[in-house]
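Pasting a structure here, questions to come.
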């Protein structure tokens, strides 16, 4: 039961709703974790699991996989304190939203050619 | 020209793309401004304009109107310092995304019945 | 070796420096994690450890303990989706900063009497 | 009257309290505005004023001046959409805290030699 459904325009399909819910989550994850202090000694498995958990508890999330691109950690200039702030291009998000029978796979991934983290719909 | 288009699944319609881009922006605005210190002496016209401007410069934004619900300011318990942190339910966002010929109107608004700020598609 | 020291006013004592560094970290933690989606099914041990780790990698941190006050989770009205956003008053931070021989213990804790999360120096 | 004073260790001087309050505010401003979408067409005067206002309403703030370093805007690689997210090194904060008779001037400023935004006490 979706008690929010009546607030939506009647002509929104399940697939459109899934796309909308996914977009919201991608935008939110990105801005929630931007700037987080990380270093080479960070337990990334744990961090990724923790971010995944904060997403999974939200409605209509069927699957989520977070990967922090540690390659940017070594490329980025290290300050004397040897820690960084999490940047957008380090965040790789695979997200599947399921609304009724519609499943949509989305992604947030740094695209070298565009030189920014692109959010897009995979299928 | 949309250089990101090739990364999207081929079967995404213009309308679906508009919905996706709008969801991302709603999720991002919400988490960007949550916690902002405000008080009764805040120049809300200016603050709203500033948030609108940070949205307008993003792609495919056709229209955006931000309103901070000041009524929650008076209801919320005031601390000795007489300032608050911006809460989700104070943020009212009207957003129209235009992708090619598809225009979609979206909203983020506190719904009393649900007791949370709902993001939904108006038309 | 503290390569930033020369930018500081000469008359700043080690203890004052420790207090300054602690204040910065308390303000930053608070705004970094505000709004994080949590629920009763969240693995709080893991979440607390993850936040602690993001603090420990920063300079001059001698000790940090994070506790999320789960009592607020049950008191807060639950939305239909049964998840919350982390609020300031749920965050309890114990932080010890050590700069040279000066150790300072600081705290961020919700104080019922004041009805807000107070950041203060314990000793 | 400072109703929070009794929670502080008795041996904290006015100057130490001012330093603590300033550190908190610097850490908070930094993480609050990180990631904000900006572009060359952003009205920076307005944005700076808005950030200043969100600081001024907080306790013990005697003076605050925000400057966004627009030079980084042109140096940073522009994405196809021609907008950026506010980075730490773009934020220049001058902050004076006054607690009773103690005034302390603090700064957050990108230091080229260190290659990161340093928060320090000027006097």
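Each chain gets a letter, A, B, C and D, in the order it is written, and its residues are counted from 1.
FYI, a contact is a pair of C-beta atoms (placed from the backbone, for glycine too) under 8 Å apart; a residue touches a chain by one contact, two chains touch by 3 or more.
Please read all numbers here as calculations on a predicted model, not as lab measurements.
**Student:** In terms of C-beta pairs in contact, which of A-C and A-B ranks higher?
**Tutor:** Answer by contact count: A-B.
**Student:** Going by average Cα coordinates, which chain is farthest removed from chain A?
**Tutor:** Relative to chain A, the chain whose C-alpha centre sits farthest away is D.
**Student:** Using Cα averages as centroids, what's the distance between chain A and chain B in whole Å?
**Tutor:** Those two chain centres are 18 Å apart.
**Student:** Between chain A and chain C, what is the separation of their C-alpha centroids in Å?
**Tutor:** Result: the chain centres lie 25 Å from each other.
**Student:** Do you know which chain B residues sit against two or more other chains?
**Tutor:** Residues 3-4, 30-32, 35, 80, 114.
**Student:** For the complex, which residues does chain C have touching chain D?
**Tutor:** Within the complex, chain C contacts chain D at residues 3-4, 7-9, 12, 15-17, 19-32, 106, 111, 114, 118-123.
**Student:** Under the touch definition given earlier, write down the residues of chain C that touch chain B in their complex.
**Tutor:** Touch residues, chain C against chain B: 30-31, 34-35, 77, 79-80, 85, 88, 114-116.
**Student:** Using the touch definition from the top, list the residues of chain D that touch chain B in their complex.
**Tutor:** It comes out as residues 3-4, 32, 35-39, 41-43, 46-47, 49-50, 53-55, 57-59, 80-83.
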